[in-house]
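The same chain A turns up in both complexes below, where it pairs with chain B and then with chain C.
Right, the complex of A and B next:
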């Protein structure tokens, strides 16, 4: 028993997965956001029949194509990693993960590949209506693909709609709708797609500001800016509202993630939300008396309200979650030690069940199957050596959360300002606003990546919340092999990214082609 | 004209008239070749198959043993 896994294997496997996922996420949000903006612009062309819009949409479509070409299939590397580095996980999640990914693959292949071709090859060859429909269907296809990926991810945060089968050693889906439409999946989809829309709007606004800075293509730039500003403002406000829904869900199903995001060690009712602060590097243990956050600026009662829609809601801190005993909707919370005990009972029951089945002892098998089912919600806790292993990286989550939220607030102000500026043309010629607009592009990428850091690093140590920690999910590989592929990816991704940036900048400098009217 | 021939002609002409698209397709093909002919084959074999867990029963036994062995005693 207890053949432990080298901690550096876990770290390298996680680093490799994070690198690939974060790289993949450089391309997906722009596909989602820019795709919709292009569809809106082409709709303007279809309605007005003004060739200006055709020229405009063709320019943005070119940049969309560059992003699509460099980004396409980068997600497949994640699937390679599942089979090699995360084989226990891949087997354990069974069809729950496989079904959404298969649907995503089929959708992506048939919808995107078919209609992307019409979008690029079909100008003047198919009817305007069919071309417009293809542009919309490309965008809708990409968005539906995102839905299934996010359903799979949401299930890892909130595993519902399944039952563990000790014979197959797999979680088997028993309620497809619960998996596909869990509140976490729905909210994650809305929040994530909206963040892609914000990025798309920031991208269009930033490049339009560059043209204004260079005093080129002014009519094109202002028209693009107006669409980006309206679209970006609506998307960023809706994204903030969806973000509130995410915080509510996290508080309900992943209280430790919320506590890490807030560096909250001892919870209270009327708990405030830290707007700004510095994580105290001197805090060494979850139960010492060192204050966790220095120089904090707090919004009173806000966290309690966010989590429970009532300022009297008790928000547990890290120490509360480890010690247990605080009120929840299901009675008093269990301590980490109690959960670890139940987890070990569940794993022992799995071992005894399989022994009993081999020996043909039906009664013992049934007894252990029942014991496993009863304790399965705590299965993953049986792999923990000490309660402290439950604590995610607090500074990482704390700062990533504030970067995401802070930039989210900034985008609302930015797009509102750009919108006003679009109708007061004088403002648009100001160099300050032009540079702010250009620099907003990287900020949108940073906000998106920070969001994923909160989502994924906040779930640690779990691969599947409460059920499977990373230490049990990974394959027993040599650390050196994972290190090798990590650095292979660093080189490959860097080359591809440089190629994209170079081609993208070259095409931006060329500007829209042909006459505008 | 035959609809299949129409579709083929649509794609053929589309590919033939590409400018930037040729560079992008070259990048896509090189990337796919690296991914499937190098990374997948040499660096990312299926771990279970690689460890001779071919049948479903062998895989189930291997995973259950791993999950049981790694538990905290």
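Right, the complex of A and C next:
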């Protein structure tokens, strides 16, 4: 067994987790968005008793079911992978991180899985009211599930409500409410769920436009479009507002991620936000004089205002964060080298504390315990070898952020246009709008994936911000084992995605005419 | 040691054990899937069976996820050690459940790329693999596994991983121990018995009912063979005990037998559980009209598995023995979460009866009619 971690093991483990997470996110947002739209449609059926709505909801429910199954299947992989591929992480923060996962199972998964069965098998067995309740509870269960897993994810970005225990050598929760309702968690939940609603609306709108293009099921398509347009417009506006909140949080708790998103190396007050630009491929080092962004179109002062609500806010760049010395609310920022030094002091203090406890030397133990506590905020930095390891992939974050924000703006315009078109029926028959509507479906998926890239790739090299880098979070496995499972998942996911798309397209082509009342 | 912490550790081991019992009961879905081609001789019969297990598969799946999540939250060192070490066993279990989750929906649609038969074969695969692998993995709770835990490793920047496996097989070596395999096969045949009893209660198609009744006896005999072999083995086995005053772990002959004698309530649970399992089976075997055996055998399964988990962890026992470094073995006191987290989780667990309540209500509401050709036509989803 090797006594040092093979760097490629970290890369393959990250690749496997990224593959699984991004694949999972192809299905979850549709469950969240389409689930709510279905629930609204079934409510219309319950209130009006118009069989048109029953037929409509059954059509969307069929597509929901095809998507739901694969979302469930891929969700369990993520839960397992925390243990299989990130075992040190599971121990080091399992005391905090495990709780949201368990609560997700008890509160959300059972609700989802119980009532989805009633939703599909209960049309003629339970009352209309109970069936409607089941559809709502399935959606609420999915949303609650999102809450708890996003609480867990937000905690990785902004670890709060915990304290390191040197006796058990792990972090332990000391404030559940701080974990469950941290501002990062609340904002992440709102932003992410709303992005799912936008995708659900884009999905319904796109398919409805396809029926209009084919001149089929016009009444069904227009009714679905009206719901999708209202729902999508409200969701996309709220999503943009929540996105602003996310950027504010990132600026506050993950300045390096923000700097990577902006390809900002040297920060200023009155810092502008780059609307468009090209990351300069010639920039090799964080401290060279090569300009980081070419052909940039900047909104003046915007970034300062975004992260501090004041244009005089100093926004640190990558070089500032590495070199330190810029003003923060806690005084001048430490340099990366200083943080790494403090991290090593913390790790050494832990070693000395353990020795002292074993030897029964209480005084020395207390001394080192205090030293550890004082330096613990930098514990994770002690595992780093050089300051450059702190820099995430700048081009990836820069472009992913722009894709997400750009598409977010597009969705607002798109749904506003569709809403107007719904009340000016002539517009709906225009081929251009119909094709735009259809092509908006993949754009909604791209926006969601881009958002997750920013969230996760921007956090690197940390598994838990400032506390545990990926290199210390890993399982001790052979690289070949992880490579094997990675490629098994690649093949499996590809086949299942192809099957899912083909089944979905076939069911869409069949249309709602096949649905019985 | 803090008595509240000790109580909560015991409480959470009980919850984990109960979830384990419920999970094994719910493996009736896998047992039923493994019999898909044996009981369903034509398309209509197979669809009936698929619609019956298809109504319940998510309960099993969700219970597995919750079992894993609860284990993670309450005993994170087990999650870290076992999942990160026995990589291949957990990955195989995972793979079989991924295939199950997509197969119900995909097999019922045209254009599914692989063809309906392949997805049904995936369900059969999950029907065999999940109970055998889960049973074999639970077997290591008694027979041990090849891992080392060294929390001091966190101090090393080059290799900070605190627990690791000592064989390159990463969990597959568990099948080299015949007692692990015996439990795996016992769980598999029990799942088939439960699946058979579930079909008997839920189907009114005579041809399927006849096949169910015919297959019950052979499955029962094979289950008894492997189950009794495993139980006799552990009653005479040397287990690992922990000294509660200093945490030192040491071997103790007849440890599990001692646990049964020291914990009469657990022993009673075990006996009542086994009797219930047998009652459900025997009543079904001797009466050609009796169809409610699933409840007797199901409740018996929950009680029996609950008792097995309890004797693995209670009474100062190492529930996850290390066969390579005895002091690395996991006990409920050295692997649990902190007092604070266990308290928070204990509050959350109070909601479990409510969850069970709505599951039972919803379950009953869609099981009002037994499956036959008309029911399939009216209510068949798959």
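Points to keep in mind about this one:
The working rule: the second predicted complex is superposed on the first by the 506 of 517 C-alpha atoms of A that agree within 3 Å, B and C clash if a C-alpha of one lies under 4 Å from a C-alpha of the other, contacts with A are read in each partner's own complex, and residues count from 1 in each chain.
As a convention for this text, contacts are C-beta pairs under 8 Å (C-beta built on N, C-alpha and C of every residue); 3 or more make two chains touch, one makes a residue touch a chain.
What you are looking at is a predicted structure, and each value in this text was computed from that prediction instead of being measured.
In the three-chain model built by superposing on chain A, chain B clashes with chain C.
When both complexes are overlaid on chain A, the residue A:98 reaches chain C alone and has no touch with chain B.
Of the two partner chains placed around the shared chain by superposition, chain C is the only one that A:505 touches, whereas chain B remains out of contact.
Judged by the touch definition given at the top, the superposed model places A:476 against both chain B and chain C.
Using the contact criterion defined above for the overlaid structures, shared-chain residue A:329 touches neither chain B nor chain C, since it reaches no partner. By the document's definition of touching, of the two partners only chain C reaches A:106; chain B does not.
One of chain B and chain C touches more residues of chain A, and that partner is C. Look at A:347: by the touch rule set out above, it reaches both chain B and chain C.
With both structures placed on the common chain, the touch criterion links A:125 to chain B and to chain C.
By the touch criterion stated above, A:492 is placed in contact with chain B and with chain C alike. Remark: of the candidate stretches 4-12, 184-192 or 364-372 in chain C, the one overlapping chain B after superposition on chain A is 364-372. Shared interface residues of chain A, touching chain B in one complex and chain C in the other, are 1-5, 65-66, 69-70, 72-73, 76-77, 80, 83-85, 87-88, 91-92, 117, 120-122, 125, 168-169, 347, 350-351, 354, 382-383, 385, 471-472, 475-477, 481, 485, 488, 492, 496, 499, 503, 507. The touching residues of chain B, when paired with chain A in their complex, are 10-11, 13-15, 17, 20-21, 23-25, 27-28, 31-32, 34-35, 39-40, 43-48, 56, 59-60, 63-64, 66-73.
Those residues of chain A lying in contact with chain C across their complex are 1-5, 65-66, 68-70, 72-77, 79-80, 82-88, 90-92, 94-99, 101-107, 109-118, 120-126, 130, 134, 165, 168-170, 172-174, 176, 347, 350-351, 354, 382-383, 385, 471-472, 474-478, 481, 485, 488, 492, 495-496, 498-500, 502-503, 505-507.
Contact residues on chain A toward chain B in their complex (touch as defined above): 1-5, 62, 65-66, 69-70, 72-73, 76-77, 80-81, 83-85, 87-88, 91-92, 117, 120-122, 125, 166-169, 340, 343-344, 347-348, 350-351, 354, 382-385, 471-472, 475-477, 481, 484-485, 488, 492, 496, 499, 503, 507. The touching residues of chain C, counted against chain A in their complex, run 51, 55-56, 58-59, 61-62, 64-66, 68-70, 72-74, 76-77, 79-85, 87-88, 90-91, 94-95, 97-98, 100-102, 104-106, 109-114, 151-152, 154-155, 157-166, 168, 170, 337-338, 340-341, 344-345, 348-349, 351-352, 355, 358-359, 362-363, 365-366, 368-369, 378-379, 381.
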